[in-house]
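Take this structure, written in structure tokens, and hold onto it; I'll ask about it next.
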Amino acid sequence: HGGRRRLVSSSEDEPCKKMTVYYHDILYTGNNTANATSAAVTKPAAALSTSHWANGTFFGLLVVFDDLVTEEQALSSEPVARAQGFYFYDKKEEYNAWLAFSLVFNSTAYTGTLNLMGADLMYEKTRDISVVGGTGDFFMSRGIATLSLNAAEGTVYFRLKMDIKLYECYV
Amino acid sequence: HGGRRRLVSSSEDEPCKKMTVYYHDILYTGNNTANATSAAVTKPAAALSTSHWANGTFFGLLVVFDDLVTEEQALSSEPVARAQGFYFYDKKEEYNAWLAFSLVFNSTAYTGTLNLMGADLMYEKTRDISVVGGTGDFFMSRGIATLSLNAAEGTVYFRLKMDIKLYECYV
Amino acid sequence: HGGRRRLVSSSEDEPCKKMTVYYHDILYTGNNTANATSAAVTKPAAALSTSHWANGTFFGLLVVFDDLVTEEQALSSEPVARAQGFYFYDKKEEYNAWLAFSLVFNSTAYTGTLNLMGADLMYEKTRDISVVGGTGDFFMSRGIATLSLNAAEGTVYFRLKMDIKLYECYV
């Protein structure tokens, strides 16, 4: 590692590193202990959550996760990382979330982590969050991850596509 | 966007971008559903919270927010962004907090987000937190936000002045 | 401060700043109000936490802390900072955590803060998290902190060694 040099992209159009991965969130529902990879640890703030929608917007619900991350779309495909972190819902009027997590890589391709945080603006088709740091193969990285909903099954499962572009790398 | 170039300030005195905004937090109290923009989702750790102050320091109370952000001081003035994120109180001896959030801009002036985190040292007249990333018009930004309490009404409402100085920009 | 200049390390082997500190976490247990510096504010997600280990992996337990940080190992040695933030456990199969916090320095050596976040991969002997920003004497810093467990007493106390290396400094 010691010989790596810092590389900063000179343009938005030319990230020093690009990859696409899929994030699979399987929420604990009470009877899926073996499969679940995330669980709510707070309850929604009832009045705020239901003030606009009878079924609630989950305002205040915080979920801790250790989710599978794959290179192919299918949940059953080869994992390349785990996504470890949390998200919470934060809007009265509609579904909207905020999240912070680490992508923990441990594959033949990469070891190390990327650390991300930002607003998951669920009403936007795509939304950008920040890659604020990295370790190991991603030492001192920074960049952007573009998120989009890729699949959902009720409130039990959803899959996000994450297009990751790094603009600061060590190579 | 593609033509933007990276700009790094050579001195603390010359940020590449400066702005001042006001953050308005209206905590849910049980009977202000229409106005509230934030809500507690955990309870204080009772013994630690009251060990120094009878009324408690709220140690452990975590608040999720979707707060209004304006350019003018008045809560009723034109919003320029939403602040979406969370804070929690973290001290036994006095009020003190820690927070992480996104400023989500969607105005004629800006679209995009700034991502911030840091210690909100409430006993200091002003305190600095980090701008750790940005997206859209704030692509890959970094900087400092200086916070100060600007107004408060009991435990229902407070307003923070946020002086934001970016030292890494794409222009 | 105004005269400081930006310094970026050209190599992983030559951080612009290095320090080692010890982080002391004393968890509130119900009868250590005077000494405790942290407290759980959520409960583990019971089924996920105990699905692999009878005693539980604490999956979903979130702890808020205002912990002592020293330059020497001993808890009783001179503090150099407080670590203010939170961690939570996030794995079904074993102990594993994620954390975000600020090191708040207020000593003769330093004033200012460092802001950190990342996966605390407890099953690894050492693990790296990101220093994503800094303020005051650590204005705009970035780097890596290498964590390792240094001591533990049941579930009441643990001490982490934190080797901090900054690769972006203002000097």
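Here the chain labels run A, B and C in written order, and each chain numbers its own residues starting at 1.
The working rule: a contact is a pair of C-beta atoms (placed from the backbone, for glycine too) under 8 Å apart; a residue touches a chain by one contact, two chains touch by 3 or more.
Not measured: the values here are computed from a predicted model.
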Interface numbering overlap (same over half, different under half) for chain B and chain C: different
Magnitude of the superposing rotation for chain A and chain C (Cα, nearest 5°): 120
Chain B and chain C: spacing of chain centres that average the CA atoms, whole Å: 22
Multi-chain contact residues (two or more partners), chain C: 42, 62, 100, 117, 132
Partner chain B, residues of chain A touching it in the complex: 8-13, 42-43, 45, 47-48, 51, 59-62, 88-92, 96, 98, 100, 117-119, 121, 128-132, 142-144, 167
Partner chain C, residues of chain A touching it in the complex: 1-6, 28, 30, 33-34, 36-37, 39-42, 62, 64-66, 84-86, 100-102, 104, 112-113, 115, 117, 132-136, 139-140, 170
